[in-house]
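By letter and in written order, the chains are A, B and C; residue numbering begins at 1 in each of them.
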Amino acid sequence: MNTNIKLSLPVVCFVWQLSMIILFGVFVRYNEESDTHWVDYRKENNITSDIENDYYFRYPSFQDVHVMIFVGFGFLMTFLKRYSFGAVGFNFLVAAFGIQWALLMQGWFHSLDYTDGKIKIGIENLINADFCVAGCLIAYGAVLGKVSPVQLLVMTLFGVTLFAVEEYIILNVLHAKDAGGSMVIHTFGAYYGLSISWVLYRPNLDKSKHLNGSVYHSDVFAMIGTLFLWMFWPSFNSAIADHGDGQHRAAINTYLALASTVLTTVAMSSLFEKTGKLDMVHIQNSTLAGGVAVGTAAEFMLSPYGSLIVGFFCGIISTLGYIYFSPFLEEKLKIQDTCGIHNLHAMPGVIGGIVGAISAAAATNTVYGDLGLENTFDFTGPFAKRVPTIQGGYQAAGLCVALCFGIGGGIFVGLVLKLPIWGDPADENCFDDEIYWEVPEDEESVPPILAYNNHMIPNKHADM
Amino acid sequence: MNTNIKLSLPVVCFVWQLSMIILFGVFVRYNEESDTHWVDYRKENNITSDIENDYYFRYPSFQDVHVMIFVGFGFLMTFLKRYSFGAVGFNFLVAAFGIQWALLMQGWFHSLDYTDGKIKIGIENLINADFCVAGCLIAYGAVLGKVSPVQLLVMTLFGVTLFAVEEYIILNVLHAKDAGGSMVIHTFGAYYGLSISWVLYRPNLDKSKHLNGSVYHSDVFAMIGTLFLWMFWPSFNSAIADHGDGQHRAAINTYLALASTVLTTVAMSSLFEKTGKLDMVHIQNSTLAGGVAVGTAAEFMLSPYGSLIVGFFCGIISTLGYIYFSPFLEEKLKIQDTCGIHNLHAMPGVIGGIVGAISAAAATNTVYGDLGLENTFDFTGPFAKRVPTIQGGYQAAGLCVALCFGIGGGIFVGLVLKLPIWGDPADENCFDDEIYWEVPEDEESVPPILAYNNHMIPNKHADM
Amino acid sequence: MNTNIKLSLPVVCFVWQLSMIILFGVFVRYNEESDTHWVDYRKENNITSDIENDYYFRYPSFQDVHVMIFVGFGFLMTFLKRYSFGAVGFNFLVAAFGIQWALLMQGWFHSLDYTDGKIKIGIENLINADFCVAGCLIAYGAVLGKVSPVQLLVMTLFGVTLFAVEEYIILNVLHAKDAGGSMVIHTFGAYYGLSISWVLYRPNLDKSKHLNGSVYHSDVFAMIGTLFLWMFWPSFNSAIADHGDGQHRAAINTYLALASTVLTTVAMSSLFEKTGKLDMVHIQNSTLAGGVAVGTAAEFMLSPYGSLIVGFFCGIISTLGYIYFSPFLEEKLKIQDTCGIHNLHAMPGVIGGIVGAISAAAATNTVYGDLGLENTFDFTGPFAKRVPTIQGGYQAAGLCVALCFGIGGGIFVGLVLKLPIWGDPADENCFDDEIYWEVPEDEESVPPILAYNNHMIPNKHADM
């Protein structure tokens, strides 16, 4: 197999980046809050202070989300002993491309100013672009170590496109709510990745089995990713929630769900290992499941104990997934899921969609208040007559849309990626940075007799 | 000794998490700023904008504090060569449990709505829960590597309970101020941990001496913890300070105290090492002492040079503590303090309490302004007649309460933890992740002859 | 050469820290927003809410900038296999000293209250102090591994002083705008460091060539620095921009420029390596060039596609710099630039100055609005009659000032640092932590026969 990407990678990067510039030139402008005309806008609309600019409501959350995308996802995948460059580096590449394409795709659907045909962007668009890319990075987790960077860029191009469409259908057409993206981001992203991995099934992947695991320090690096995802997840689920109580409540619910998940993950990990020892794979991943599952309902009056309950079950289910379901998925369904995204994103995402549907359907004027109910579910304009029970049905429909787009889109893109033109690694070279990166010369890359001799030389540092 | 925690760890996690769910179900609800009724509350109280929601005053600081708790404390303890999983993993477990229990304990004391008997939570409660857990994580530093995760959970259960009571006495009964928790968090937490470590003294701990130290990369990992603690400490000390100038001033004071500490720490480290070389232990820990010591007075008019002076002396004292006092503590007082929390938290915490008492007693209307004095010290309601000198006395009393709760509580909990039922490691297995974690197979775990042969095989990566 | 810093380092640290305390005592006070009199100030000035305190406009950005300074710059330099302690530790020391000296120097020029002769500080001063230190840390990149900590402190003392003067000339005298500091911070800092490195040229540096490179894990550590710089750069460029649309726009422009840079960096890295593989040096550094280059114009109406274009070219130029220009610089111009700051800061900084001049000169009332133009360029007071084309000229003049101060100041300071009193390492000891740090004993520091034998002992962990 030809893993040479000398031509294809630069060409794809240049052509796509040039296209972005042209499309941004034609379509993208600042919105009224990031344009110098804000000063006039403020006066005309009697906005008393600059602090009312949406920037100040959302910027702290935006930066937290940004950290989750680049450090969170990137470092979570560094657990492989010899694929840390690919994990953090390709994550960086894919996300940097994806956010640009997402600004355009989501802009056309959500932020098009029909008076001049321009997409008007502000801080909320940046957050949504990061969100959109999260879906593609989740998918990357399933194929980590088995695809070329060019394939990842293709996956992202299609992934962002599909995302923007399903998001439009779920949020605008169905008018479902999904503040933290359990359906729109996690369910879609995970099934998108799993379907691609299914199409790209490698029967002889055990040729690189010796590299498909961690070493001590790579597991510590991965914990950087885990913790930044875990800590900033309240910002993720609250970033585009309603101003005021909406953001406030979403942060509280997520904080609690995640805390609960940690305890049940530890319990399950210890319970199901032969000697009661803990497995780093579970701690790195399943502890995050509660954040995924509370995404849709984060903005709702789920109540603090409701959040704890969601987190409780997700820790259990996700850890069981790593122990029992991942092997089943690989052996029976022929889905090789490097990072176990089925356990971290797919199942918790679906649970999140269901929790969202049920809690929406159960919403009452007593609990929410008349105004609160209207605000939380945006029962205004064309949706003024919708009631909670109906909303619950639309939430469930939204979940189905996310599933269909994920699975269908993934199969299609998987077939595209099966073409023998993308420079993907041979089975024996999977999970190995040597294929796509200049790796510094450590002892292991020198001839054996030298490696031995190196140990004879004091102060030989490359050995560390 | 039986280190098998297969039964006890899962049982404790499940039972406690279920208890949390039940207690949250009975007691915990959203407060008026995180409830959907906020929209009505705003109108009734003529609040002009959603940006007045306390969420926007405190959320950025909250997230910084959250990073300190999980990445800061967690990675600071990864310095041990072979206990990084335990450091960052058990820190994660303990904190995730502790914040839930703290929301309840602190809620009963501070946020109980007597009209309906419910605890009403918002962003400030989340910060306080993180603060409360910080006390327990400080204590973890003293016993790092020598206790089982079940013991840590028991330590946290009692620690949070004791914390909530001493906090209530100090802040509400004595009406002492302690924005950054020099007394309430650091003094209490440190003496709590040191007392536990005293009761759990291991005379034969040198059996695992070879693991009680760092390697090159584990010291770099620990610097991640150090720096995130150092950088975000201004947020820690200002997180629950008064809106406006209170938070602003607390951040400035902390920023300055910490900067000053770094220079004197470096100076002392170089001065007292034989060859003038720097010791990573000091850089990782003593550089933080200024943040601890400026905690109580952070909100006061300590003035910028005052903050520098506090930091100046704390860098000196803390580094001297590592050089002279830690060995004395271990040999003479039989207190084995793995992370040296006596130097980082105990002494600076007591200094912080004293600085707070003095600067409170010295407060004048000229410096503070009439309104400013009243606001800063909350001389309102039942405390309307209190004057600065009296306040200084109550501050000192607060410090004594923190010391008593720390030492007394620590001895009691130490005795509980001495029971032979908690699965703590044998002396020769301390500081070793192998006891509680599935550790990936690096070269050192394979038989010697294989390890040697591995070096003969090019591209053998686990070796790294 | 005498690398003993046992006397000089402690003396310098103590004397300078004591001087800081005295100078702060004489000069530095809280400003009206961080003083307890804020409560009176609010009432007198009809400020309706505490949220109008500048603290809430800038604190989230401040903390992000703080992370860039300490973790970003610190970890970016950990890429060397055996100089990670020096990278992150000396960065810490230098920055902690620099921010104090910067508060004074910048305070005298910008925040002096002439009524009482005091410098009044608030959150914006803290950000500016961090900015000022950034210039010195950039310079550190050029001399990394080749100077002693005492030399670094001297470099910082002079660097901050020069910075404050050039900043005053550029921002106040010339009234040039430079929100993100392309000129003031990056151009100045980079040429300051390069000039010092030129004066300190070491013809026999290849004696320590074996240590002037990375190992696998040190490259992963460096990515922590890269990513935190990359992610928080929007906060850097917007931290001191105008409230409202200014900060909002600066963040958007930076976000986009950086995304674009990643793609062209990857493209160039792959294109110019023999086998199409990616080089970590480029990914770690050149991906940041867009953030540098968009600094000056971040606040302007550069428009989203303009930002993408800036990023596009900077990724190309910076990567080419690493491939062709750095070797040329070292061989022909005798400038040894350890971190390649010429490619990451110098060239992109100059580009940023030029982009700023052009976009200022091209500003029109149509694009900005009358009020917007006045606000963005502060065409008020003595500069009320200035027009965009003239402003463009002053911007260009500002760039020249930054260059002159950087080069002139660097040569002067380089000569000072050439004095044989600073304890700098011998050529064969460059890039080695052993000189200034107590390094934990790993296998490589024990005698060869022992090192060999260690591999014979199972469970020998120090080996990792």
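Please note the rule applied: a contact is a pair of C-beta atoms (placed from the backbone, for glycine too) under 8 Å apart; a residue touches a chain by one contact, two chains touch by 3 or more.
Molecules present, by chain and UniProt name: A, B, C = Ammonium transporter Rh type C-like 2.
Given the structure is predicted, the values throughout are model-derived calculations rather than measurements.
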Interface residue overlap between copies subunit B and subunit C, same or different (over half shared): different
Size of the rotation, in steps of 5 degrees, that lays the CA trace of subunit A over subunit B: 120
Where subunit B and subunit C are represented by their mean Cα positions, the distance between them in whole Å: 31
Two or more partner chains touched - positions in subunit A: 48-49, 51, 56, 60, 82, 216-217, 224, 442, 455, 464
Residue ranges of subunit C touching subunit A (in the complex, touch as defined): 48, 51-52, 56-57, 60-61, 64, 81-82, 210-211, 213-217, 219-220, 223-224, 227-228, 230-232, 234-235, 243-245, 247-249, 251-252, 255-256, 258-264, 266-268, 270-271, 273, 275-280, 283, 287, 301, 303-305, 308-309, 312, 367-369, 371-373, 375-376, 442-448, 451-452, 455, 464
In the complex with subunit B, residue positions of subunit C that touch it: 4-7, 9-11, 13-14, 16-18, 20-22, 24-25, 28-30, 33-40, 42, 48-51, 53-56, 59-60, 63, 66-67, 70-71, 74-75, 78, 82, 84-85, 88-89, 92-93, 96-97, 99-100, 103, 121-123, 126, 149, 216-217, 221, 224, 435-440, 442, 455-464
